[in-house]
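Please go over the structures that come below.
Paired with chain B in one complex and with chain C in the other, chain A is shared by the two complexes that follow.
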Partner chain A sequence: MSGGTSEYSIAADGSFTAPLELSYPYKRTVGPILSRFLTGLRDQRIEGTKGSDGRVHVPPAEFDPITGDHLTEWVDVASTGTIVTWSWQPAPVEGNTLQHPFAWALISLDGADTNLLHAVDAGSADAIKTGMRVTARWAAEPSGSITDIVCFDLTSGSPA
Partner chain B sequence: MREVAIIASAQADNTSTTTSTPVEMLIPVIQQVLANASMTKTDIGFWCHGSCDYMTGQPFSFVSAVDALGAWPPIIESHVEADGAFALYEAWMKIQTGEIDTALVFGNGRSSSGDINRILTLQLDPYVVGPLWPDDRSIAAMQARACLESGVVTERAMAEVAQRSHRNALTNPKALRRGDHSIEALMAAQLVADPLRELDCPAHADGVTAVIIAAGDRARSLAARPAWIRGIDHRIESQNLGNRSMTSLPSAALAAHKAGVANDKIDVAELHAPYSHQELLLTSALGLSESTTINPSGGALCANPMMSAGLARFAEAATRVMNGTADRAIGHASSGPWMQQNLVCVLEGE
Partner chain C sequence: MAERCAVIGVGQTQHTSCRADVSIAGLVREAVDRALESAQLTMADIDAIVIGKAPDMLEGVMMPELWLVDALAAAGKPVFRVHTAGSVGGSTAIVAAQHVMSGVHKRVLTVGFEKQSDGNAMWALSVPMPFGMPVHAGAGGYFSPIIRSYIKRSGAPSHIGCMVAVKDRTNACRNPYAHLHEPDWTLEKAMASPMLWDPVRMVETCPSSDGAMALVLASEDVADAHDGPKAWVHATAMRSEPTAFAGRNQVSPRASEDCANDLWRKAGITSPIDEIDAVEMYVPFAWFEPMWLESLGFAPKDHGWRFVEDGVTEMTGRLPVNCSGGVLSTNPIGASGMLRFGEAAMQVMGIAGDHQVDSVRKAFGHAYGGGSQFFAMWVVGKDKP
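After this line comes the complex of A and B, so read on.
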């Protein structure tokens, strides 16, 4: 964890305040479902899992939200989609994939039935609207992470 | 079911920053709630605490919090990594087992230790959402836009929530933020996370709340008019934001149904809705009518002390039943993005 103050200070009541930067430097295994999803991103491929009701979950659900069963059927979805809702990030923070003002959005990828949360490089809040089409911008050096999609760019065109 | 009632409460003044340690914050409030009930430590059968290590920046921080209670002679205590309202739910169940008749529950948090909007990112999915570092306001703002564009709420209705909350807080000395704002001024204010404005967002605070609950005749002996817990229920939405309704709160509606909200009229509802549009979603999910007074304390828009704001809602609702200004009230607590978790409690006088 980071992003806290790095300044020492003395409060009005005389209390001394010092920074405490905690981190979480561990390796974790993400299991078979997320492993396949994240490995796919490294290869510029977005996959989801199909639920018992036929809905395609992206990011993939490990267990069926209705029955609780393991989900094992994979479906390729597009790297293009439609903005379902959005908000504006006027001041990016450490860790954001973009370091200039951008939009957060839930994106309905073509072929998916759930929404993916990601950044949209829209330029300004006036330039983005719900219903606009977007396409993924891939990282130059992928690592098998959700950040292998740097962000989505606004595009023209209709659902694939 | 054993009858259980809230018989006393106490809250610290909410502050935007404090240099006190969690133990230093807790001690006066624990002492105050015992004094309010004319009880001593040995009268308490069970102690239950709600707090979060991410607020304190220290693993197992709740262990040191026991210093505020005094661990000798031995006490029976428990902890939830959640708002103190969920500790109250655990204590209520503990009383149901018949092992104890009284419990002191408390919640505390020091939001100012770090950047709270960033700390709240850590409650999101750690693999496919967290690495992008969306902050709490941005997450809430996406829900607000979906509500606005679907017509479930309006900007004016959101401003009316902010106006009423800040006006109500004028008479709440514990509130962090208060004021008399015109609708026009609220709607003209700068957007901080489009479409949200500053006064649509929670007033994050450092705070403490403590409540004492007791069973049956023990409660009647401790308070002139106990606030009886007639129903209490906790329900949860999916952790996957992309697979949730953005414009309704099915878990709150189910919890309200199970808690028996609709069995009779509700005089007062103290709702833990961190954002203005969320209060509108919640009143709809709970089925509240215009005859219910919402958040006479000012609610989370005027003081949102992490890990005690929910228990503070219970305390505020119980106070109004105990002082006779309400016969039937709701205490509500939430947590998680888009109010993922909802705990609904119906309180009645007799």
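After this line comes the complex of A and C, so read on.
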């Protein structure tokens, strides 16, 4: 934990100002449902949970969004899907899985009823359109993280 | 006159230093499922949900109520978030009770939680601010001078804090949900416990816990129809005061005394020591037991420590205090106040198991927070108010 500083400034009117930067270590415990999902990604398998209305949630929901019930039925979904909508990222930042311009997209995976947010390596904003088909590109060294999918690649040139 | 309200369901998690087996949602839900089961209700029966936790900075999850909606089965229902620092579990239960007492809702679910292992509460609460004195002392550093002030004023002998600690840690061994199960404490061993924040020893300090506590509160018609134990809410009270002002008495804050007086008046109680059968009091540092006994009107000024020394607050004493083991044995901060309120209800309902006190007709639940500046209290009873 860090915080506080002695680097202050005094304005012309005599008022004092100082920067305050907080940095603080946290942990995350994701529980059994997301742990299973992440384990699947490590093995290049994408799983979702089936809700009370039959719809499949990917990433999996721990509790049913309608009834609140514990969700325990697992469904394998494909690593291919369709672009539902997207936004161009012209200047990737540290931590993005792609370090050249790419699209952020909501992807409807085949077999899933919710959309997954991920990167699409489309080359340029002119090359991507809603409705295009994509397929997951897997990381060479998986770690049990959403970034085990590096990004999605376009698999067809025209909207489905 | 407000509508009558009763606790008909109580549920808590297993508390421990790290519940790595569950997400925050799963932790909250564990308590909720147990509370609903004891109320013989399902999620679909609940009209409204009131959730409380301590500062978001503790886990670094901003506004967790937003993404707990599905875990709370709150789709299509009102959700309210309460926040009053360490007293939040108590004030959350009171807000939930007010949902019923106002006549607006019939079945209200309330839950308090903290997953302390996802962060570090002591330092999250002690951010060094520019231009301020960098003390780096945490909560114990804040309260230790206040405790010294009490010791000096009351003339209490130095072993009183350790007596409270040994009592609460021993009581916790009767509570299967408690975080600490340490049966081997003796006064001699406690007195040898390392000094953490002079004059507060390590054994006189609460642990860091993961846990949640949930209650189901019901209107009179629902509670009457409920075929199970119940605890009627006789009175609730909340008070606040600034952290610092001239003449502030931090040993017995004005807000604490006013809150207690208001509570006793509303509950029709004239002699708390005679009329309350079990107490669940917020004691994160052992010395706060005698301090609160005095501030709340259970003991005369400067006599709280004599109650401790004479065993009055033991499980077998005249005024059993923290039979559950209290905050000193279990401290998921956002749940700790609701644990006090819920454990008080459990004593009235007769469902406290091995830490049940015989023939409890009225019990007192208490929480405080911030720099001894937020107070929440209730009295629950076997009979209708």
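Quick note on the criterion: the second predicted complex is superposed on the first by the 129 of 160 C-alpha atoms of A that agree within 3 Å, B and C clash if a C-alpha of one lies under 4 Å from a C-alpha of the other, contacts with A are read in each partner's own complex, and residues count from 1 in each chain.
One rule holds in what follows: a residue touches a chain if its C-beta (ideal position, glycine included) is under 8 Å from a C-beta of that chain, and two chains touch if they have at least 3 such contacts.
Small disclaimer: the values here were computed from a predicted structure and weren't measured.
Trainee: A:Tyr8 contacts which: chain B (first), chain C (second), both, neither?
Mentor: After superposing on A, A:Tyr8 lies in contact with chain C but is clear of chain B.
Trainee: After lining up the shared chain so the two structures overlap, which partner does A:Gly95 touch, if you call chain B first and chain C second: first, second, both or neither?
Mentor: Touch partner of A:Gly95: chain B, not chain C.
Trainee: Under the stated touch criterion, which partner chain does A:Leu116 make contact with: chain B (first), chain C (second), both, or neither?
Mentor: So A:Leu116 only meets chain B here.
Trainee: One more residue to check, A:Ala78. First (chain B), second (chain C), both or neither?
Mentor: In the superposition, A:Ala78 touches no partner, neither chain B nor chain C.
Trainee: Under the stated touch criterion, which partner chain does A:Val30 make contact with: chain B (first), chain C (second), both, or neither?
Mentor: A:Val30 contacts both chain B and chain C.
Trainee: In the overlay, answer first, second, both or neither for which of chain B and chain C A:Leu22 touches.
Mentor: both
Trainee: Tell me which touches more residues of chain A here: chain C or chain B.
Mentor: Tallying touched residues of chain A, the top partner is B.
Trainee: Would you check which partner chain A:Ala139 touches, where first means chain B only, second means chain C only, and both and neither mean what they say?
Mentor: Neither partner.
Trainee: A:Ile66 contacts which: chain B (first), chain C (second), both, neither?
Mentor: second
Trainee: Just to be sure I follow: which residues of chain A are touched by chain B in one complex and then by chain C in the other one?
Mentor: 1, 3-4, 20, 22, 30, 34, 61, 65
Trainee: For chain A, which residues count as touching chain B in their complex?
Mentor: That would be residues 1, 3-4, 11, 13, 15, 17, 20, 22, 30, 34, 37-38, 57-59, 61, 65, 84-90, 93-97, 104-106, 114-119, 125, 130, 145-147 of chain A.
Trainee: Please name which positions on chain A make contact with chain C in the complex.
Mentor: 1, 3-6, 8, 16, 18-20, 22, 24-34, 61-70
Trainee: Provide the residue numbers of chain C that touch chain A in the complex, in ascending order.
Mentor: Going through chain C, the ones touching chain A are 18-26, 29, 43-44, 57, 59-60, 70-75, 115, 117-120, 123-124, 127-132, 134.
Trainee: For chain B, which residues are in contact with chain A within the complex?
Mentor: Those in contact with chain A are residues 19, 57, 114-115, 118-119, 122, 125, 127-129, 131-135, 137-139, 141-146, 149, 191-196, 238, 240-243, 246.
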